[in-house]
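In the two assemblies presented below, chain A is common to both, partnered first by chain B and then by chain C.
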Partner chain A sequence: MADKTQLLNEIYDTSFAINDLTLYLDTHPDDTQALAEFHQLKSRRKTALSTFEQEYYPLTIDCLSDNKNGWTWGDTPAPWKGGMTNVEL
Partner chain B sequence: MWNYEKRLQFPVNIKKKCPKTAQYIISQYGGPDGELSASMRYLSQRYSMPYNDVGGLLTDIGTEELAHLEMICAIVHQLTDNLTVEEAKTAGFDAYYIDHATGIWPQASGGIPFTANEFQSKGDAFADLVEDLAAEQKARATYENILRVIEDEEVRKPIIFLREREVVHFQRFGEAMERVKFRLDSKNYYFFNPEFDKQMMQKQ
Partner chain C sequence: MMNNSSPCDSQELGMPKMPIQHWTNIYDLRTGLKSGTIFPDLNKPFHMGGVTVGR
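Up next, the complex of A and B:
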């Protein structure tokens, strides 16, 4: 099983970088290096989100896989209720 | 259309209750330079923005501001969770407690409720972008005021993150303004191509 802190850190790191690069690309659409970096991060984030869903719980509706565990969306901790205590930034 | 992601943009894990700190921080939810008015400002302005790329930037920053107000609310919630009546009474949180107990409600630190008068959507690209630049600077200054009075590192960390985002947003709005300037009708007065009369579109 992948380490929860490590996985969450990967989700936080890639998501933040994608968020920041999105704003950068909005005003620098011709920067090919930034664009390449964006796509690389996007695939890393996708993998981390899907691994986190498989081993812990889904963070987005798109991450809900087959119905092996029933409807789990509402069971998971709210992010303001200690859901993110494992993140170390 | 939006999709929810069940996490905060930057983690908030505060262990020490402090209703007094909550009373300061809540201003960045519903106060004059708070995240709620920031989000509503950009998400309202984007409809009439004559340039697609700048409208896109308003959407992206307005969306990030939603994640910021969620962080602010998480901070206020964790600072007041399981508050006792005695703590509410002694810590300067009493007036808020009477109206909301420990519910989260958008107001300024001084108790003034959130109002749409805190932001403009002028239907004029330059008027709107100049307001956006000022808004980011005012929010940065508010975060600096907060950081001068708060000592708890668990509160300071997310506030420092939010302050940094104001600096980045200011930079992006500045770049957006340059991109709009470049497309203005040069025969018209510099910076004054009224959006409503479609004069801005002459160079497109």
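Up next, the complex of A and C:
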């Protein structure tokens, strides 16, 4: 099982980098290196979000997988119960 | 009494010119998040209250 903190850090790190790359690409839309980096990070972030959903709970409504386990959104701890306290997605 | 004048009022208009950013190797992602930018070129020291922060 992947470490929860490590996974969250991966999500924080890739999310921030994608945000910063977005600003760069706004002014450099034809930069192929930046575009390649963007897509690589986007995929890394997606994987981390999906792994987190499978091993812990979905962080956003988009993270809900199409599994047949019923409604799992309620598994997410409420902020006042320690869940998602500092997730900035 | 509100004072609406600013030190800029007495200054001439300017025409800013700056170079465009070029792609460089970006920081590892952890450093990027901690620095507030993934671009080493944009990681400038900021002076706040006489103390340098960042970097």
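Throughout what follows, the second predicted complex is superposed on the first by the 72 of 89 C-alpha atoms of A that agree within 3 Å, B and C clash if a C-alpha of one lies under 4 Å from a C-alpha of the other, contacts with A are read in each partner's own complex, and residues count from 1 in each chain.
As a convention for this text, a contact is a pair of C-beta atoms (placed from the backbone, for glycine too) under 8 Å apart; a residue touches a chain by one contact, two chains touch by 3 or more.
Everything quoted here is computed from the prediction, not taken from an experiment.
A.B. asks: Thinking of the overlay built on chain A, is A:34 touched by chain B (first), by chain C (second), by both, or by neither?
C.D. replies: The answer is second: A:34 touches chain C but not chain B.
A.B. asks: With the two complexes superposed on chain A, say which partner A:60 touches: chain B (first), chain C (second), both, or neither.
C.D. replies: First partner only.
A.B. asks: After superposition on the shared chain, which partner residues are touched by A:12: those of chain B (first), chain C (second), both, or neither?
C.D. replies: both
A.B. asks: For A:21, select first, second, both or neither according to whether it touches chain B, chain C, the two together, or no partner.
C.D. replies: second
A.B. asks: Compare chain B and chain C by how many residues of chain A each one touches, and report the one with more.
C.D. replies: Residues of chain A touched, chain B against chain C: more for B.
A.B. asks: Counting only touches as set out at the top, which of chain B and chain C does A:76 meet: first, second, both, neither?
C.D. replies: The answer is first: A:76 touches chain B but not chain C.
A.B. asks: A:3 in the overlay: touching chain B, chain C, both, or neither? Say first, second, both or neither.
C.D. replies: A:3 contacts neither chain B nor chain C.
A.B. asks: Kindly list the residues of chain A that each of chain B and chain C touches, one partner per complex.
C.D. replies: 12, 16, 20, 24, 27-28
A.B. asks: Touching chain A in the complex: which residues of chain C?
C.D. replies: That would be residues 20-21, 23, 26, 29-30, 32-33, 37-39 of chain C.
A.B. asks: Would you pull the chain A residues touching chain C in the complex into a rising list?
C.D. replies: The touching residues are 9, 12-14, 16-17, 20-21, 24, 27-28, 31, 33-34, 37, 41.
A.B. asks: Could you pull out which chain A residues touch chain B in their complex?
C.D. replies: Those in contact with chain B are residues 11-12, 15-16, 19-20, 22-24, 26-29, 58-62, 76, 78-80, 82-85, 87, 89.
A.B. asks: Note which residues of chain B are touching chain A in the complex, please.
C.D. replies: Those in contact with chain A are residues 3-13, 53, 56-57, 60-61, 64, 70, 73-74, 77-78, 157, 168-169, 172, 175-176, 179.
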